[in-house]
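Following are the structures in question.
You will see two complexes here that share subunit A, one where it goes with subunit B and one where it goes with subunit C.
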Partner chain A sequence: MNARILALAAALAAFARPPEATAQTERLAGRLDERTRAAVEAIVDSVRGAGVPGDPLVNKALEGASKGADGARIVAAVRALATNLARARAALGAGATEPELVAGAAALRAGASAVFLERLRADFPREPLVVPLAVMADLVARGVQPDTAAQSVLTLVKAGVREADLVAFRQSVERDIALGAPAGAAATARAASAGGLATTGVPSIAGQTPHPRKP
Partner chain B sequence: MHGSAEDPLIARVAAELRRRPPAPPDFEARVMAAVRRLPPSLPARAWTWLREPRTLAVSPLGGLAAAAGLAALVIVGAWAATRSPAAGGAARVAAAPAAARDTHTLVTFVFMAPGARTVTVAGDFDGWDRVQMPMRRDASGLWTLDVPLPPGRYQYAFVVDGRRFVADPAAPRAVGDDFGQPTSVVTVAAGATRAGRGSL
Partner chain C sequence: MREPTAYRALALAVVCAAAGTAPCAAQVEAGLDLAASIVRYNGYLASGAAAFTPSVAWRFPRATLAARGTLLVFESGNTSVQGLLNADVFSPPIGRLRVEAAAEAGASSYAAFARFSHGLARLRAHVLGSRWGAWAGPLAGTISRGSGSRAASGVAAGWWWRSHIGALQLSWTRVAVGDTAYSDLEGRARWRRGAFDVEGSAGVRMASRGGGSGVYGDVSAALRLTAWMGLLVAAGTYPSDPVRGSIPGRFVTVGLRLAPKQTPRVAVVPQIAPPPAPGAPESAGRLESARVTVEQLDGLPILVVHVSGARRVEVMGDFTDWQPVALAAAGKGRFQYALSLPAGMLRFNVRVDGGPWGVPAGAGVAADEFDGSVGVLVVP
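Right, the complex of A and B next:
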């Protein structure tokens, strides 16, 4: 009798699970041991209610599996990412897209504050923020201090530079660093230059006329 | 011979024919009894069935299953409602223009490894599969692969000879490596084209 009830409850639980969640975690089949897979699925399920997408978490688990990491390390990485995705969701709002959340989580991990994300969203409620957030994280990875990176990105976005120009800005900073410039100074100088050019309407650092964003 | 309605003889005959014979005293009762014996129509039977009280016998397990099924339906309905445009207005409104801009961009991965037997790209876009995206080698040992990607930020690495993960030297590194292996990042802006170039 108990076995039948448990089987019924399990069947009902599977029925109540969103189809997309099942599809996401099915990607884990054969890639993780059962214990690790169950732990990852539990994390995915536990944060779904907070609006955290499951695919990035499954990707993180698959990355660990592909790189031969042990189960505990995989679960720890997935849990850390889930935390940052939830923080990004809280900062960027219910309307944030999955790519924005992924980029936001990377920025938070790089050292950006939630206030930086909130400010970006408040200033640009309808603009895609993937590239600004990603550039911020990439600058930190190149050695720029998080506060400096965040301020540089904010300066450029407020000046109206386009996404492609933001990527070009990051590449310029990387080149400057490779040539020996201090990371922070390179970011600040390039941001001031690109932001000034953008606001005056002359060709930006990427050689394209910028289109100022609407406030 | 042709008669007319005004003919008195014809009028009398017609009046006689129209006169109903006297019915037996129990005629009406017998007709009503016959009507009552006819089967009721389907809607009438359904209405009667719905109004009549019933006694249902349900086992504990059956009752539990019914209650659980009802609860599951409520949960699924609530979940579906949160995903509907009416309930999740902000999310849907924001997602719609993003989807409209969601054109894929061809990203070209380039990697110089003259001594490698195989090189693949593994990343967030292919479930970190070591074999799914093999790169093509030219005579100089330059490996290339074009991958269409929607706008977003992706982590990836080159897999050399099926086992060794190598970061793209031409791309930013991911902040903090979770698994002790190098990882690179590519950010795809809407309408952008990128050519990653590395060497080994």
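Right, the complex of A and C next:
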């Protein structure tokens, strides 16, 4: 009975939504049970007014569905992401793009502080921040302390390194950690050699191998 | 801070080699190699290196204890330190059969980062003829890198023949280290004539999962100059060694060996420990050897997964609505996602040949909210 009511409510709510919202949540059709879908749609609707994009939230729900998570877990993950996206919006400002918000939310989830995001935006009001924020999130995920990761990224961005060099920096830290280096030391040391990084002409796209160096 | 074990092993070898009088009363052989090398490790530019390799061995009637250290100083100023300690004991003959129990411990460090150590135990049954022999037996142990450790196991078999002018040896080894497994088939020949002593080897790595594959080999020569000094020349290639923590490379070496006995086997093959492609440790099977890149196709970014020997590679992620999508095989181990990727931070997982979903090397790794991990790519 409850499921029917929720489904009816979701159907009625769909008429009241903007077209892009309907398109977003239509992606959930057939992937979630009605209760979970209704809960996710409710979250998407509730945060839209705060400038939180819906697509990342739908993506999160779909990821959970594909990974076999139960409804409660999916809803909790979507809610947590919505919270971080809202925090990222507040820290990065109204002009932040959706990719920036996604990267900012990932950085916040990883342990970065909202102050770091605010500072990054204040220092670079017009530059795209997707790559710095994504690198920050990745460093913390690899065990670098948030403060150290933030400082390393800020050092590089302020040194004027290109996005590709930031990606190469992330890969270098990843490599050093895999070799046994303490995560914080790897990040600090690699950031300190930012001048060298910036001149190596590393590829411009994530996932590619940096140019080799001497052992 | 570098691996203290490596320093201790190196220090032991240096002290014993310098003193000449070892703590044991057994027959002692000690030496010191001083060499200059040009090395090119996979993933690195070629570099010059100075190598200092002290060694010492105590030989008893049925046992041997040997230690060797290597200090490499590269052009960059980085150093690599390695220490290796071997001990083996033979049983008394039982007809043509003898049993050998051996243990090996080693440690290495490279620059300020890589630290690697291993311990191996080996048991071999030998069948011995007058000029030939054969052996077979298992090995087992553990390796550690940084704070993690993995079990190593394997089996080896071989055959050798010798005469007054030289020797031949063929061996086959199958080793598994964690999820990595490979087989090496090797042949080795040694020839002696007067002051010359030449040794060569050739091998092929095959049936490999994460250990690389291909052929390798080296040749080394020693020319005795005086009773205690010889000239060494060596060149070759070697494969990765997941047990001892070295990556593939090639080298050319010229050096001097200071030792009362000149043996040709050049111990100055410089090796360092970094793995060629750090990947997701939790991935299994072929996923461990997979690597993801974002490449440009007609000016648009596409996702490419590189994994040799795979029949089917699938991806699911933000850009597929988290539905599994089979990648198109493009030959030579390349599998491409047909559509261009949107800009931004993309989350995804990959699976190979229907195996578990995981994260290939080349991508960032983050914990997802569903008790797993997710790969992260940034497309500017």
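Here, the second predicted complex is superposed on the first by the 178 of 215 C-alpha atoms of A that agree within 3 Å, B and C clash if a C-alpha of one lies under 4 Å from a C-alpha of the other, contacts with A are read in each partner's own complex, and residues count from 1 in each chain.
The rule is short, and it goes like this: a contact is a pair of C-beta atoms (placed from the backbone, for glycine too) under 8 Å apart; a residue touches a chain by one contact, two chains touch by 3 or more.
No experiment lies behind these values; they were computed from the predicted model shown.
Novice: Should the pairing of subunit B and subunit C on subunit A count as a clash or a fit in the superposition?
Specialist: After superposition on subunit A, which the two structures share, subunit B runs into subunit C.
Novice: In the overlaid three-chain picture, which partner chain does A:64 touch, first (subunit B) or second (subunit C), both, or neither?
Specialist: Both partners.
Novice: Report for A:42: first if it touches subunit B alone, second if subunit C alone, otherwise both or neither.
Specialist: Neither partner.
Novice: Look at A:27 in the shared chain and tell me whether it touches subunit B only, subunit C only, both, or neither; answer first, second, both or neither.
Specialist: Both subunit B and subunit C are touched by A:27.
Novice: Just subunit B (first), just subunit C (second), both, or neither: which does A:137 touch?
Specialist: A:137: touches subunit B and subunit C.
Novice: Looking at the overlay, what does A:110 touch: subunit B (first), subunit C (second), both, or neither?
Specialist: Both partners, subunit B and subunit C.
Novice: Just checking: does A:50 make contact with subunit B only, subunit C only, both, or neither of them? Give me first, second, both or neither.
Specialist: Neither partner.
Novice: In the overlaid three-chain picture, which partner chain does A:186 touch, first (subunit B) or second (subunit C), both, or neither?
Specialist: A:186 sits against subunit C, while subunit B stays out of touch.
Novice: Figure out whether A:175 sits in contact with subunit B (first) or subunit C (second), or with both, or with neither.
Specialist: Touch status of A:175: second partner only.
Novice: What is the contact status of A:96 with respect to subunit B (first) and subunit C (second): first, second, both, or neither?
Specialist: So A:96 only meets subunit B here.
Novice: Considering only the listed stretches 4-12, 22-30, 76-84 or 166-174 of subunit B, which one runs into subunit C in the superposition?
Specialist: Stretch clashing with the third chain: 166-174.
Novice: Using the superposition described at the top, list the residues of subunit A that contact subunit B and also contact subunit C.
Specialist: 27, 56, 59-60, 62-69, 73, 76-77, 80, 98-99, 102-103, 106, 110, 128, 130-131, 133-135, 137-138, 141-142, 163-164, 167, 170, 174
Novice: List the residues on subunit A that touch subunit C in their complex, please.
Specialist: Interface residues on subunit A, with respect to subunit C: 27, 56, 59-60, 62-69, 73, 76-77, 80, 98-99, 102-103, 106, 110, 128, 130-131, 133-135, 137-138, 141-142, 163-164, 167, 170, 174-181, 185-186, 189, 204-209, 212-215.
Novice: Can you list the subunit A residues touching subunit B in their complex?
Specialist: Residue list for subunit A touching subunit B: 1, 4-5, 8-9, 12, 15-16, 18, 27, 51, 56, 59-60, 62-69, 73-74, 76-77, 80, 93-99, 102-103, 106, 109-110, 126, 128, 130-131, 133-135, 137-138, 140-142, 163-164, 166-167, 170, 174.
Novice: For the complex, give me every residue of subunit B touching subunit A.
Specialist: For subunit B paired with subunit A, touching residues are 61, 64-65, 68-69, 71-72, 75-76, 79, 88, 90-91, 93-95, 97-98, 101, 122, 124, 127-130, 150-153, 155, 165, 172-176, 178-181, 183, 185, 187, 189-192.
Novice: What residues of subunit C sit close enough to touch subunit A in their complex?
Specialist: 39, 41, 43-47, 49, 74-76, 78, 80, 110-116, 145-147, 272-275, 278, 292-296, 301, 316, 318, 321-324, 343-345, 347, 357, 362-370, 372, 374, 376-380
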